[in-house]
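After this come two complexes, each holding chain A, first together with chain B and then together with chain C.
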Partner chain A sequence: MMSSSWTASKADTLPCDAPGLSGRPNSRVIFMHTAYRRPRPTRPILFLAPAIAVLAVFFLGPILVNTVIAFTDMGATLQIDGFSLGNFQRIVQRDMRLPGILLTTLVYVASTLLLFNVTLGASLAVATSAVPERLGNLFRGLWLLPRMSPAVLYGILWIWIVDPTGAGLLNQVTGALGLPQMNLRNDHPLMLIVVINGVVGASFAMIILTSAIRSIPAHLADAARVDGASEWSVLRHVTLPALWAPVRFITMYQVLSLLTTYEYILIITGGGPVYDSTPYALYIYRRAFENGAYGYGAALALGLMVIGVVITLLQWRLTNMRDTFAAPKIEVL
Partner chain B sequence: MILLRSFCLTVSTIAMTAAAAHAEDITIKLWTLADRSAPARVTNIEAAADLMNHQFEAAGSDTRVVIDANASTVQGWDDLALDTLKAFAVGMGPDISVLPHEWIGQFADAGYAMNMDAEIAAKPWVYGDILPNLWEAAKGSDGSIYGVPQDAEIRMFFYNKDMLREIGKDEAFIDGLPAAVEAGDFTLDDLTALAKEVVDDGAAEYGMLHRPNVGIDYLMVFQSFGVEFMDPDTGKLQLPKQEMRDALAWYQNAADQGVTPRDNTQMSWDTIKSNFKQENAFLFHQGVWAVAWQAGDDIANSWPTDGDGYFDKIGWIPAPAAHKGGAPVNLSHPLLYTVNPESDHAELAAELVALATLPYFNNQHAVSSYHTAISHAQEAMPAYRDNWALSAASKLMDRAKFVPNHTEFGSYNRILFNGLQAVETGAMTADEAIEFIADEIDLQMGDDVIIVDSLEG
Partner chain C sequence: MARITLSDVTKSWGETQVLQPMSLEIEDGEFVAILGPSGCGKSTTLFLLAGLYAATSGEIAFDGHTVNRVDARDRNVGVVFQSYALYPNLTIRENIAFPLRFQQVDKAGVTQRVEDAARQVQITRLLERKPSQLSGGQQQRVALARALVKEPNILLLDEPLSNLDATLRIAMRSELKAIQKRLGMTTLLVTHDQLEAITMADRIICMNEGRVVQIGTPEDLYRRPANLFVAGFIGSPPMNQLAAEAMGHTLQVGRMRLPLTRALAGPVTLGLRPEDIRLGRGSIAGRVQMIEPLGREVFYRLETEMGPLHALEAGEHPRFAEGEALGFDISNDHALLFDGYGQRVTDTALTARAPLDA
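On to the complex of A and B.
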């Protein structure tokens, strides 16, 4: 209220021929004197309406539809003959593949996250921040290329890299070193999908952590050096502690991302051999779309939603995420 | 002003054109799988539409039939059938679909394929001459016919005779191989041993290659081991565990012996074809249409294009018997044109299918894509008769078997393929794989499939 009164009074006192107001110095500028209005109560619903509409159409609607389908026997013809708990019974009691799929998912998510999305991402951030800025920017830009490329292109490149014949890039390297040819898609499919997703996933942490490193006031590192700290000590005691908060966010975000995405895996291994490289999200796809078992796929998808929510809540509690989103205690001007 | 006038003129022209198009054109949607070696599945329907348009024109009618063809790039016919089912379920199904015959039961039961019995009776000038066993492949579970054969083919093992010569086999052995297979003297295990000999002697890198994805070819081997996919009494699918385990063990043995590469199911089609064409593989099992690329120029390394030259280099045999004295197996996998009974232009679509099925049109497809004839008249036509590959293939059609027209066969076959992939890659033994298959079938299809220990006794 203070500011609107101030604005009104200042506007009233502006000279009518003030340059810059109309773009023509000699033109006559007419000010409408606006009467003081009482502030109306805010209507948050109007401001939130677009976001609510998007949420309703693209998130809540599909969740609702998926939930309904999960209780049906919807098959290849999309026809529904009845509602039952049969799909959930099948998940809990009869699906002998699920324990293996869940183990694959655990190994895939944990390995990709710890080895690549956090460790490699942080290493890249530290390394590219330590080199001259232009070189660091170039390197980060190159590492981001796979993320900016279509998934199919990235997938085809990897298929060529790990081609089991002598034409594959990997086997050209092993051949030059006198090592036997490798067939990663067949012999180590889980390791392969971890590497493939990890290389792309590391770029996310690299960007965020680079930004976090740059936001550390330089005088902290300078003070440490003046006190005789080595570069390793500066990294360990100044830089790394400042990365803890973004790492917590990256972990939470990337866990959900890894749990729900499967496009590279589908393109490169198809989830095979058999189900050897099929994490839970791809399992849903294969059950629903390879066999037309849409009802069962929807029930599995509900399970994924529950898993995602439980893991997120656990992470929120265990890593004290509330602290991350708290208001800053010190205001930096 | 000029801009405004141009804009108005453009809009009026488009509006007038659209109105005119709306008044005269009947669009018929046709869905098939993209197949660069068999374009006539589409062009024959387009030619039929042209013929019809000429007749409309001659009769003074301004009606015009336009074909809106969608050649899908999904991985295989099963994926196309699933996509087509989804389209029908939301009221977007095409007027004409090309389907693998085993899906006809699913489409018929769902009301997505027109009952063609009346059509067939009314049009003897085209349907009266179709090979009788092809109609069997077009029947739904109620015994009525729901599709029209679009093409036919025969599946077999191709083998490279030059490699046998290279490892010292004489011409008598090479020439006598098909007869030994026919007599049941040369078994599937003998074939594995021969392929291993070829590999061990360095004549080929791979002893045997097969398709990398779900399909029909490998089912010949299962049938050789006595697998009957459908119980004739109940009409239900069945899983005879012993016979199927034996077939899986054969594939497992081939991989263990180094005859089949462990990653066969992860190779691309191009890699597989190239390896056979460039003579890195001794055996390849697929269908007669493979002669199109074998004798063609699209893969490097030229092979003879005349019959004598080709058969001097390459031989064909059915899947040999599993046991001495048994019968070899050939499979055929016809595709069908089906008509959407709910289409506004169902009659017109059926008429187009009838015209495209005429010997003249179907022969264009058969000869250019190396598919066998669907009618007796075609077999007598010079273009077909003079085609050495098709003439030889037609002789194999008499004893050709089909896979069952069961609504769940697509899913059943996919599970079977997973088991085959498991034994070949070494992820499972044949014993483990058969339990995996039985478990998956029970999970997905429950009581729709009868699981028995063996069909014997």
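On to the complex of A and C.
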């Protein structure tokens, strides 16, 4: 092997031995090629096939079908009379509800995200990490319960809590305190759906940020204490900086999640009164299935997709998301 | 600068007592090493002094003032952690300046002191980088600068050299010692490396299983170890330990009999440092089994009348061949006897170089 590699490198330095110049196959050069043959490239498509198949059937297919329907006037009878841009015209020019719906969506997503999914979640993570471990685990487990139980069950509990009669939990409390009875579903529906989603949504950040806090080396906090930091300064200078990267991810993920899910809202307020607590995703549902306008619903759904993609790309750019990804540990083709 | 006093200090985690009652005094400006195997309580002692752990009982005092109830942040100690514990989100400059955030230092003063500290450990070029961009050796210097910048009364070093490669470790050893002498602050070094302790410290506290085994100068511990643990822990290659039987004024070691200055009875251990075995000049018979040239010294494995022995001799080339028979004697001044409990017997010694007739 030693001598063959030596002759091979020698051959490289002599221009007349190069196959392109001599025009004849050169035995030494051929030998070099066989000796240094690269491993045959694997076929990535074979490895990706299962994932691609799932994506095609459950994601790309429906998007395609939805896109086609968006150009029709399909209604509850599933009859299609022809293709047109009518639905899109209606979105841009004639849907009087839409500006209000978009505002509701903005308020709902932004306040749920900032107040609950990030701030409350981070507070819960910090608090449950500070108490003895078993107590912290128990508390986090309890807070996860609504996420693990069926949405309908959680919804019914809230319906009981905010029941406008004296039987509602909230009104039992206000009654005991001598305060007037409240009807949150009617008077503050938007606030109510923010709270309802936020209480469940905070558990996501709570779990992820708890593990982020646990991955901070213990000596870092010790070093800060020795350096003169109070517990508050340790939180500010050691704990919070470590949460920035996961918070970026949580924000991006939860924005999409909040934009597209509506089951609690549908169960508890039904989007009402009228459209007061109807964010965009629920609006699509109500248009398509309550009004029986499938074609129009599909067009609205395409709009939601565009909004989701634009917001994600913006966040990706603004928060420098690429930074948080590590290079792969193995060589990828 | 401060004098440290520990009086009957203990530490327990729940039911487990990790530190047996510990009393010691460290003088102002002294460089003391706590040496022991992992789990012996040496780091626990360090963190007790730093104020990161609370003592279960006993009293810790700096300059005569009890500090048991003083928070870590008010003790004015500088700590270099084994992992260096640099703040990953801050630049080197901000890392070093971090302790000054909590003191009343104006902006110009901070810059001045950070640069002074950086100069002490020669990292002025690196101030604008992040910790992740630094090598282990550089990170270690930053950690030291951060500990020095607040001009602490006491400097605590927790295995500061253990993550460095061999060459860098030797360089940092003398550098750390030079910095300590220059600044004159009371310094406590925790290490499991006997060479580190011997080369750097004025005094060594040797610990095992949560208790102090011996306190003394490096020479004390090397030449006059209190017991077999210290004898075996200090010195490389380690001390030869030969099982022997004392019978009045004679000591039976293997097939050899050696005279004792005072009568002794029962099983004992004879301790011989490899360099105290003088090859080719005595009447004890042996044979060379294996030779390991170490550069400036040669290490011999011998099979002898006394049992298997390791010997170390200065010189680049072996004077004996493998398999060669040779005679040797031992330096009586340095032969150590340990009783059945492993404690060193101090009031008796071997008397003569020449062995008794077998």
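Keep in mind that, in the parts below, the second predicted complex is superposed on the first by the 285 of 333 C-alpha atoms of A that agree within 3 Å, B and C clash if a C-alpha of one lies under 4 Å from a C-alpha of the other, contacts with A are read in each partner's own complex, and residues count from 1 in each chain.
Note that in this section a residue touches a chain if its C-beta (ideal position, glycine included) is under 8 Å from a C-beta of that chain, and two chains touch if they have at least 3 such contacts.
None of the values given here were measured: they were computed from a predicted structure.
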- So if we stack both complexes on chain A, do chain B and chain C clash, or do they fit? fit
- Looking at the overlay, does A:Ile161 come into contact with chain B only (first), chain C only (second), both, or neither? neither
- Task: Return the chain, chain B or chain C, that is in touch with more residues of chain A.
- Result: B
- Task: Tell me which partner A:Gly228 touches in the superposition: chain B (first), chain C (second), both or neither.
- Result: second
- Message: Let me test your reading of the model: by the given contact rule, A:Pro217 touches which partner, first (chain B), second (chain C), both or neither?
- Response: second
- Message: Touch test for A:Pro241: chain B only (first), chain C only (second), both, or neither?
- Response: second
- Task: With the two complexes superposed on chain A, say which partner A:Leu98 touches: chain B (first), chain C (second), both, or neither.
- Result: neither
- Query: Where does A:Val68 make contact in the superposed view: on chain B (first), on chain C (second), on both, or on neither?
  - Reply: neither
- Task: Examine A:Leu304 and indicate which partner it touches, taking first as chain B and second as chain C; both and neither are also allowed.
- Result: neither
- Message: Please give the nearest C-alpha separation between chain B and chain C in the three-chain superposition, to the whole Å.
- Response: 51
- Query: Considering each complex separately, which residues of chain A are in contact with chain B in the first and with chain C in the second?
  - Reply: none
- Okay, in this complex, where on chain B does chain A touch? 82, 85-86, 88-90, 106, 110, 112, 261-263, 265-266, 271, 411, 414, 418, 421-422, 425, 427-428, 436, 439-440, 442-444
- Message: So in the complex, the part of chain A that touches chain C is made up of which residues?
- Response: 217, 219-220, 222-230, 233, 237-238, 241-242, 244
- Query: Across the complex, what residues on chain A touch chain B?
  - Reply: 76-79, 90, 94-97, 164-165, 183, 185-186, 269-270, 272-276, 289-293
- Query: For the complex, which residues does chain C have touching chain A?
  - Reply: 47, 50-52, 71-73, 75, 77-79, 81-83, 85, 87-89, 98-99, 101-103, 146, 150
